[in-house]
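Presented sequentially are two complexes of subunit A, the first with subunit B as partner and the second with subunit C.
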Partner chain A sequence: MKEIKLKNLLLFFTYLISLICILLTFKAIDKFYFSIIIFLFFISLFFEKHQKFCPRLFINIMGIVFILIFLFTTNLSNLLENSLKTLTFLLSLKLLEDKKVRDYLEIYLLCFLILAGCSYFYTNIFFFLLLIGILFLLNTSLFLCLYILEDQNFIIPSKKLLKIFYINFIPFFSLFLSSIFFIFLPRLSSPLFNLNIEEREAKTGFSDQVTIGIFSKIQESNSIVLRVEMEKIDFEYLYWRGITLDYFDGKSWTKSKENTLNFHTLPHFFNNTKIKQTIYLNLPQENYLLTLDKPIIISGNFQYDKDSDLSIKILETKTYPVRYYVYSVISDIGEEKINKKNFLQLPQLRREVEELAKNLKGKSEEETVKNILKFFKESGFKYSLKNLPISTYPLEDFLLKYKYGNCEYFASAMAVLLRINGIPARLVAGYKGGEYNEWGKYYLVREKNAHTWVEVYLNGRWKRYDPTPSGIILTQPSFFKEKIIFVLDLINYYYHKFILDYNLQLQVKILKTFKDYFTKEDIKTISIQTFNKTLLLKIFLVLFFIVIIYLSYLNFKHKTFQFFLPLERKILIKFLKTLKKFGYHKKEEEGLEEFLEKIKDPFLREKSKKIIEILEIYLYKDQTMDIETYQRLKEFLKEIENFNYPYVKS
Partner chain B sequence: MQLKITKIGFLYIFLTILLGISAINTGNNLLFVLVSFLLSFMLLSGWFAKLNLRWLQISFSFPEECYAQLPTLIKITLINHKKIIPSFLVKLEFQIKGSKDSSSYSTTFFLLEKNSEKILSILPLERGYNYLERVVIFSNFPFNFFVLKKYLKIKEKFLVFPKPMNCTDFSEEFIHPYRSEKPYLSGEGSGEFKEIKDYLPAVPKKYISWKHTARFEETIKIKSFSQEVINPVLINFEQFKVQDLEKKISCITYLILENLKKGIPTGLKINGKFFSPQVSHLHKFNMLKELALYERN
Partner chain C sequence: MNLERAFKVLTQFLQGKEKAIELCILCLLAKGHLLIEDLPGIGKTTLALSLAKVLGLSFGRIQGTSDLLPSDITGTSIYNRSTGKFEFHKGPIFNHIVLIDEINRTPPKTQSALLEPMEEGQVTVDGQTYPLPEPFFVIATQNPIEYYGTYPLPEAQLDRFLLKISIGYPPREVEKEILKIGSLKEEIISLESILSEEEILNMQREVKNQIYVSEKILDYLLDLIEKTRKSAYLLAGLSTRGALSLLLAAKARAYFYKRDFVIPEDLKEIAPYSLPHRLIFKEEYKSLSKEIVREIIESTKVPI
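Showing the complex of A and B:
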């Protein structure tokens, strides 16, 4: 029979766990350190193969040196990176030495801490699944350590190896139990010690300025920026507003003024149809929130500023993803008084551009806008993300020379042409479009949806115009592959919704729901809207009463619940139940010996006598039955049950 | 059941608290997930450890003949009554206690599916009844975070015969020839050669005469020997003049064993009891039991 050395299995698991943890730090630590650590990892594999190890003293000294370096170079702002760097380095050092049980445990501790640290860098469900996988591996490895502790060279037949994996019942059941802990563990609304770790997330190309031509790479990225839970609307209204930009220096657009305005007080919004959105913003957008154009009401578990140009900025540092609720109107917003001068600013431009603008001037402001849009459509302008004209005068080169570019070129050009003609205009940076997930009822917006458009001030209102040629941004998935991506994203979405986004507010809500269910006053106030909840409560109560009644019946029948009975009482009940099948019913006041007299069949009588004799020792002499006797009596009972009694047959 | 947390266990608790504080402080839900896992592991590993030691049945088998201060093998059987789950790394500890001294033994059952047997060498210290006491099963399953102990209410006794000791110098004078009404005859084949006979069933092979069998072809022939008259002996315990009682008992035990091994019927007079000389196993057992329990309750 093939045999397996448990130590080899343990080594395999240990190296596998270590490698995964090391690879996870790729996103978090310096690439130079990362390559050293990977190098050390392969050295340790080489050592392991040739059974030659680094002296323990050398490793200890190196470890101490690294901890000292960590202590001297760490401050609150780089605590996480430095900790991860040090932990990973210590791990790779640990792998270099000849491993005893203690060393294995140290390796697992380091891996666990690395995992905890890495949790700040990954928001994808795959990290979560990997985490669970590693916990299973750690569980098995810790268990194998027990055997190695007993015997370094413990060998197990390969057939019995599977039994070892029974240990994984523990993490399996932990999955369910930990969900309860997860819901009820205490939480805080804000951190006690702020370690500045919320900015560790990967940053997007979204910036508080738009520089012509530099975002083309972002528009090819598939990273998810936001998920928006809302009803499906027409594609042409899917503009996700980020920041409004009004100052142009010839190359970049920036925001010049920020005026706080309370949207709640604007009366003219109330007549419009409002679209409610629950937004999960995955990646930070320079602290600006993305909303469906145009937002009127916003609420979230954070402080924010609402500017008059409809940009919303978070005032506190947050861990992403961030959840907030928004009401938007998709029609044009009401009249607004502005200082036109602020939106007519222009840099020094070439004469040809000014001449071009003047040529496009119509009789009215509306006509000028139409002329400019027509100009882009009919003068051979093309949308492109490649080889964008980046020069000292990118805008002029785009308009007069190259005639191709991305949304930034088109939007900037239109805004400039409008401003030259004295029409106030501004740029809005955000995202356009998105894929609607029919199952999850949400829009998925990716980095590639990044977009810039123009807002023109006409007749006292800001109107949205998008000069970029349409049909570039992907809309609905039509292929099987993309449908699979949708399902995967749906899982990821629920992961974000229920795990990553779980917070004190939700916890309080859940606790309140529990409280409401069990408080009389609150039950009265349950409205028709919460009908489903009431129904659930009723079903729960009915089931609860059924269980109570059943338990009471058992109690009445056997004087006490069978589950809690001692073994001798349990076997007595089983014995009497079995004999009842053969037509022998023991009366309440009847003694066991008396009952035995009633049994006529010699086989049944003989077996019953044996059982009663043993039972009497335990029932009347106050002794606790041991398992051995209990098993023996059960075998007797089995024999009785298998007995083909003629009475039963007929 | 008794639970003792190990150093690793304390470290685990410390780690859980540390991560718990970090999770609460930062609000990082993945840390909350890890802490929830650690807490669940803590709870479930306790439950699994309890289950590991539950529904186990243990039995000890002692040999019929064992002598004080001579190693003897005992059989320990551990039966797992759990239907699906095996028991892992169940360690067993027990004490063998005589009238004065006791000694401890331990063994480990690495993987217990249904039942498992272990043969363990023990050294009974004293003659007389020895008791199996303080039977404890324990395990550091599943992660060595704690050791769970279960004390079993097992108290078994077994008889240990005295230690046999060769005392050839003075043994002769206390052995008396025993005259009985019927002469004791040795078993078949210990006397002189008598004749060649036909083969009878159940006759040991050593008596077959292959030479004669070959000569008579198909009939197997056996050698027949005359039976020898053996003088039985009687040992008088009280007359055995050795100051040290234990030594005296040991010497007599040796004599009995040696005589019976040679097939000499041996009797014993002790404590007012008389065991007439015989060679049977039961007779030997009775005499040795009497010696083992001499002046012992």
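Showing the complex of A and C:
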């Protein structure tokens, strides 16, 4: 039979846990330290293989030195990052040592602290699942430590390997129990330590300016920008507004200060149907909140600014994800007064462009708009994300020379053409479309849905026009893989909704529901129902007390505490149980020595005799067993348990 | 330990009688008296004699006959002409170990003369009280079959015996050995003593005072007593004195097994020898006395 040394198993678990923890810090600490730590990790593996370790003194000195260094470089803004750095570094140092049981415990403690720190950076359910997995691993390792403490060279047959994992029933059940704490333990409405964490998410797709002609290729990213809980609406209305841009310098569109007016100019939206959205914004968008088309009412747990151009900006730095509620209007709204001059600004442009613009001028403003849209459609313009022209005059080159580009080119070009013709126009950057998750009733908007379009001021209203050819319209997911992603995302979404966003208000609400359930006053059945419930509760309490009193009476009578058996009884019960496995059952009318007579097997008999002889002293001489004797007897019992009785089927 | 050695020597001479020897010694340790009910020629006398020899005690023997008088046991005062006084001549009872053979052949008057020495360890003759040597140990035998011309011992008399045992036939192998070697009586007589009076008295004291009896054991004993008193087969259950002597014998057994506390097995082992002659069975169940006692013991829960 193959045998496994428990120490090796423990080492494997320890390195696995440590590696996971180290890898998790990738997001949190700077890459230089990260690579050093990884390097140290591999060195420790190498050491382990050759059984040569760093001297403890050296490690300790290194540890102290690094703690001091980190202490001096730490301030409030990088507290978390530096702590994680220190912890991870200490962990990798610790791994370099020759490990005794206490070292394992220290390693686990470090891992635990690292995990706690990392939880700030990961809001994904997969992190949570990983955490549970590590919890089980940690638990198993601690259990193994107990064996190693007894005997460094503890060996078990590989067949029985699985039994080690049985110990995980304990954390498994405690997880269930702690979920009760999760629901009822009072929560803070804001984090206890509001650490200023610099978000390290890669910024793609959206920025507070639209620049063309710099990147030749735009990466399509699948990361999720926002989830919007709302009813399903027509695809063509799915424009998620981020920022409105009005100033063009020939290359980039930015937001000018003059247009940051108050919101009061927005008229007549009361008659329009409003669409309610609950938005979970995952990635920061330069502090701009994304909303469906024209937001009317916004509420959230933060301060914000509404601009006249409908963009909304959070004033304080928030940790993401952010949740907020929006009511939006997707139909046209009433007239709006603007300062036309602000939306007619143009940079110096080439003559050809101006000529092109004049050629597209129609009899009315509407016709001009139509002409321009027609121009993009019929003059061979193509949508592309690759090989974008890099030039100093990107707009002119796009219009006159290359005729292909992404939405930013199309939108910029249209706005410029309109402005030349004296029609006020502005750019809106945001997202378009999204996948509707039927099960969760929410839209999923990804980074690749980033889009830019044009708003044109016609007849006192801003109207949306999208000159970009419909190359980026996403089809509804139909592939199996997509569906799996959908389900996974749904789980993640619920994790966010019910666990991460579980706050004091929700808690109060749940408690209130509980309370309401018990004190529900239905006028018709008021007497019976409430009476029954309170009576039931009372009866239950009374029964509970009776049981408690009875138990204490029993304890008093037998002078033993029933819940915590004295050691000699404990070992007696264990002993009898063990022998039962070998087919020896002690009758109640039998004394222990009589029982011993029944045992045929010489080995069992000899061991049992030892146990019984000691037990009798404590049982019949009314002595309390000390823990040492208990341990000794337990060892005897272990020997019996490990004995392979030839006649018993295993 | 000398007791152990004594036991070893005894088992050598009395092969196959370990149980009887053990009970014999227990009886002595508990300061009790032994009644052996068995057929003649089984080795009762040999047992008593060798016990006396090994223990280094004096040995007296009384043969029970229908004309045995009390004075034949206790001794009698005889007129001394030279002194002109009556002098007391001690009878065979003035020995450490007294074997009374076929006690049920002696008439009741003579049997009752044994009451005082057995209970009080003294003899009163002609108004004069003489103390008996200590330790004092009576081994009486009775014949189970020959009812003819016998006077069955009354309950009060039976109660004086701590244990009632029977030796039984030796196993076939052992009997073969005995046949080969022949009687060992002479060797027994020339045995050297292993224990002394003093040691035996010490042991008796230790048994009485130094063996711990837990509440559990007492409860167990009380359970047993209660069962005998409630049993449908019995007219009368165990008396308090019976319970006391059972406990004392159990203590002796604990001592014999080098324990300083009593375990339930002590009671269980002793009870079949201690109870049947003390209980009064209904007429129809008399012949089943041992089985009934065993049933009572087997059906009582053992405390652990």
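Throughout what follows, the second predicted complex is superposed on the first by the 478 of 650 C-alpha atoms of A that agree within 3 Å, B and C clash if a C-alpha of one lies under 4 Å from a C-alpha of the other, contacts with A are read in each partner's own complex, and residues count from 1 in each chain.
FYI, contacts are C-beta pairs under 8 Å (C-beta built on N, C-alpha and C of every residue); 3 or more make two chains touch, one makes a residue touch a chain.
All values reported here derive from a predicted model rather than from experimental measurement.
Once the two complexes are overlaid on the shared chain, A:Q507 sits clear of subunit B and of subunit C alike. By the document's definition of touching, neither partner reaches A:N301: not subunit B, not subunit C. Of the two partners subunit B and subunit C, it is B that touches the larger number of subunit A residues.
Judged by the touch definition given at the top, the superposed model places A:N82 against neither subunit B nor subunit C. Legend: residue contacts after superposition of the two complexes on their common chain; A:F181 is shown touching subunit B, with no touch to subunit C.
By the document's definition of touching, of the two partners only subunit C reaches A:E594; subunit B does not. Applying the stated contact rule after C-alpha superposition, one finds that A:C145 touches subunit B and leaves subunit C untouched.
The interface of subunit A with subunit B does not overlap its interface with subunit C at any residue.
The touching residues of subunit C, counted against subunit A in their complex, run 212, 214-217, 259-265, 268, 298-302, 304.
Listed in rising order, the residues of subunit A touching subunit B in the complex are 105, 109, 112, 115-116, 119-120, 122, 127-128, 131, 135, 139, 142-143, 145-147, 149-150, 154, 156, 160, 163, 166-167, 169-171, 173-174, 177-182, 185-188, 191-193, 195, 197, 319, 499-504, 626-628, 631. By the touch criterion stated above, subunit B contacts subunit A in their complex at residues 8, 11, 15, 19-20, 22-37, 39-41, 43-45, 48, 55-57, 59, 81, 85-86, 88-89, 108, 110-111, 113, 140-144. Residues 572, 588-594, 616-617, 619-622 of subunit A are the ones touching subunit C in the complex.
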